[in-house]
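Both complexes shown next keep chain A, but they swap its partner, so chain B is in the first and chain C is in the second.
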Partner chain A sequence: MRREIGNNIRSIVIVAVIAGLLYPVISSIMPGWEVMLTYGIILAIAALGFNLLFNYTGLLSFGHAAFVGLGAYAVGLSVKYIGLRILEVQVLIGVLLSALLALIVGFIAVRYRGIFFAILMLVTAQILWGFYVKFYHITGGTDGIRIPRPTLFFIYDTTGLGYHAFNMVYHYYALLWFTVLAIIMWYIVNSPFGYTLRVIKDAETRAVALGVNVDRYRLLALVISAIYAGIAGALYAPINRLVTPDLAYWTLSGKIVFMSILGGTMYFLGPIIGALTYVYLETIAQRITIYWYLILGITIIAIMFFMPRGLLGLTELEGFKKMARLFSALRLQFKL
Partner chain B sequence: MSLDTLARYILDTFFFASLISLIVSGLNIIYGVMRIVNLAHASLFTLGAYTVAWITANYIVKIFGSNLILLLVLPLTIAVIVTVLVSLVMVTPLLRYSYGKGEAFQLIVTFALLIIFEELFQIVWGRMPLVANDAFFAMGTVNLFGSPYPLYKVFVIIVAFLIILALWLLTYRTYLGLLLRATSMDSEMVQALGANVIRLIVVAIITASLLAGLGGALYVPTASVALGLSLDVLIVAFVGLVIGGLGSFIGSLIGALIVSIFRTFSIYFFPELELVILFTVALIVLIFKPEGIGGGKGW
Partner chain C sequence: MNTETPLLEVSNLRKYFGGVRAVDGVSFRVYEGELIFLIGPNGAGKTTLVNLVSGYLKPDSGLIAFNGRDISRLDMASRVKLGIARSFQFVNVSWSISLLENIAIAIASRRGINLSMLRSLESHTDVIEEAIQLAKLVGLEKNLDKLPLEVSHGDRKILDVVMTLALKPKLLLLDEPTSGVSTRDKFDIIDRIVSAIKATGISSIIVEHDMDIVFSYANRIIAMHSGRILADGPPEDVRSREDVRAVLLGGLYA
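The block that comes next holds the complex of A and B.
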């Protein structure tokens, strides 16, 4: 089997540590750009969920925004109607709702692959989006719901914190979620369950012949994937301070697809690297031009045709390998 | 339900079915020849609609006044030409080079194309909906059991019927149609027998684009055209495809009709639940008849 770069827990921890260390650095060098890092690691959670379906199960979803939106609205509605501000409980509500939705839709959708699955998920997301927009007396319509500062870890009320202090605290809070979830995901994809999913993707007939209940495995993969997207949505709400129907719109699903293929869907770290790169690409592009989605679409097509392995695929180029060999030789030399 | 409401309901259903069948049959032609479901196909419909709305409001009415024949023919022709040209530049090369690259690849590429089109529409025509209902009002109404019914919708039904008839003749009564049908069944064999499959693919895409652009052009006098139309149309067309079965000519027409019955019903009685109803219909069909009404048999 091909040795895959970054498919180990150490790499996940390294990425998390870098994301943690970079935050104060960016905020001192380029104030205002550090928030993107928080968005990036939150979106990375959703992209990890997407990739469990896409790379490991072979199901392409154009509707992951449905779960992101559900997670975000779980936070928004629970604040608005029952005054709940303990974020962990709100995340739990988002997880339960996402899992429930995934079970309902997935019950039928996982029997199909390709276009049918992709569009059924897309329609699911559009239905929810329509609900958020049309039932404005409940959801606030396109104005959305304002999210007050949450209470973290059940006791730590962040209301009194200043803007920057809160962002900083929240970054490390989100980073904690990210690290734990990424490690769990690593165990999932490298467990017998994960390998069964890969068999289903590569040789469905063989999996059936081996006695695997293909639909049940796919359904479980969809539910896990939905839970990840739901958590991402719930974590997204407080840092964004506003929950709008845009979080369930099909363009967000497109962005999640884009992040994953940008980083490289074949790699475990791909969606993570993709999400972190994506938020900065988007920010830079939006400062230069207002036609961000145009660039996004063209870039997707360019990646698909010319760089199908994504950014991490670059590590397999000869030059990079030489550098890596040189690096490890140096490391041996100096006994680092 | 009184007689005129019923007749209105039936005619509205047929009107909508006419538009949807233009898209679904185009999707089907491309799927048949290339095994690609082109997600950006609905964008060509929207492109046709935007073009008509824009030139009618800005040029045709100002230059020619409300001459009915010009209002009908001129925008329609221009829209179809624009759609086919854009399709030749943007859609055809992408589809042609996505040919045979795997379904996930094709879906992502055409999805990206959908995003690109959506942004282009916003750049060119802005966020506000465009309206050009001059032709709709210029045609007047017809008496339908005592209440007026817009003649324009009847006109669309007739035009779409003629187009579908022509398409049927093309696929079942000409040599080109024979080649297209043969490709939909076994493209390798067609290639081995000496036909140029790539050329057939281009012909199929152009035909499909023409149908989509025409559909959009016919649609616009009855309603406004706004961002997000592509996705709505795509979803309705997809449900039609699910019902009718991928790759079946007659099946897709029946699918378009059935999806229109449900859509018109939901628009009449539960406008908030339109998507939910369509989604449920698609799921029910997928449970009980996953291959659709005419699916799996080729053309």
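The block that comes next holds the complex of A and C.
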């Protein structure tokens, strides 16, 4: 609440406005690179969910792709079998399924800590991945399910839109979800509930001594976290135009962890900045070499060694603070 | 002797760890408003007794009654709700939030609002106000916006106690509130704690090693040795007992 940079609603809105303004800029100067911004915004929702568990509750989930995949397949299967294309309803189905899965898995998983929790989540995601791959006649296997253009806000059918027009409309649509969900998450982590989670993370026996039912709080945090990942999965489907088992694969779980560490898990904005940076980092790495995983691997090792607080940790350097002071002095000078 | 229902009645309590008889047939009563110091050499079973009464451990046998009700099988969280709160020998607080937020979350827990999600803790002004008042009671108001690692060890120990006081318990169990504090600061710390306890009138059991402190503040002393109660009574009685002197005063704490 105190010295952490950007832990306020204003900063969330600023990030959203920048992500909104950057879209036309990037699409005009570097066509094709703007869609990554949409992916980044969507994955940021999943990373926010991940970090509620990781930074605030002290639980490392190595299986958040389970919920992302469930959200995406909620869209895919509902369009394939009942022709549902109203995205908000599909998101709601994804939310319900993610919450249900979190309740079932969490019932057992929240009793475990550390690596056991991480592995239980990983196993959950891998089981679902196996299901999507093997139950070909239902899920389309590795071919996946093609996602037609959705109907937004119950009335706005995007079928007629051209490629670029749809991408642009969808960017702002996703940005709206992101902004609302990030603000809700801000309230959650700064509420009495969020602070109770911190006590559970730092001093579990103290939480018990305060009369807190620790497992129940962990379960609730997991459900909220899963809902965020589920919504991200559902929003991912239409922009990706295809839902494949990759969305439940462990590499995606790893990417969500990567993003959060890249941005700085200690910061509320960390996962958001991390997700937006990651999508570009991955794209650049892929353009440079087919061994792009190597570049990402070296990057994460470098982060762990040289900036364990992630990108936002840089704001605590003296140089940055000086610049910030200069900036505010200039702002005062010119009465901005 | 008192005839009213005791606040806490412990009878024939036993807890063995393998062959170690940590608590071996302990019985005592605590009445409303008593300030008891629990003393004894290392390994006497003091912390185990605190753990048993607070519900952190379950006894092998024996009875713990609180306000006349058997609570021996209740878990810690349920005992907290009944009014038994404890602090820890080692500072056990959240390191990533400020002193004020630590106290506030204890108050929120007592008020049953820590499932509240869509309002920031900061905006619960009544909780924050109460936290500040409580901090003033023990002289902790200066460093409230600091993290626990940024204040002195003594202040951290005080914070640990304040988080327990914030639960407004009927019975307070403090496990060595001055452990790790320098001899110079010990009296200051215990003074702030005891005056807060007296101001709130909460019955308390305090585990303490420093005999100077014990004999300056206690109304009643329970001396333990090898899992049993050696002596239980007013300071002057306990002090004059030969066996207590041998085990505690003349021995380790000469």
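In this section, the second predicted complex is superposed on the first by the 334 of 336 C-alpha atoms of A that agree within 3 Å, B and C clash if a C-alpha of one lies under 4 Å from a C-alpha of the other, contacts with A are read in each partner's own complex, and residues count from 1 in each chain.
Here, a contact is a pair of C-beta atoms (placed from the backbone, for glycine too) under 8 Å apart; a residue touches a chain by one contact, two chains touch by 3 or more.
Since the model is a prediction, treat every value here as computed from it, not as a measurement.
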| item | value |
| --- | --- |
| Chain B versus chain C as contact partner of A:Gly211, first or second or both or neither | second |
| Which of chain B and chain C A:Lys201 touches, first, second, both or neither | second |
| More chain A residues in contact [chain B versus chain C] | B |
| Chain B versus chain C as contact partner of A:Phe62, first or second or both or neither | first |
| First (chain B), second (chain C), both or neither touched by A:Ile127 | first |
| Which superposed partner A:Phe116 touches (first chain B, second chain C, both, neither) | first |
| Interface residues of chain A shared between complexes with chain B and chain C | none |
| Residues of chain C defined as touching chain A within the complex | 54, 56, 76-77, 80-81, 85-88, 92-98, 101-102, 104-106, 108-110, 113-122, 124, 127, 145, 163-164, 167 |
| Residues of chain B touching chain A in the complex | 37, 94, 97, 103-105, 107-109, 111-116, 118-120, 123, 231, 234-235, 238, 242, 272, 275-276, 278-279, 282-283, 286-287, 290 |
| Of chain A, residues touching chain C in the complex | 1-2, 184, 187-188, 190-196, 198-199, 201-203, 205-206, 208-213, 220 |
| Complex contacts: residues of chain A adjacent to chain B | 54, 58, 60, 62, 108, 111-116, 118-120, 122-124, 126-127, 130, 134, 250-251, 254, 257, 261, 291-294, 296-298, 300-301, 304-305, 308 |
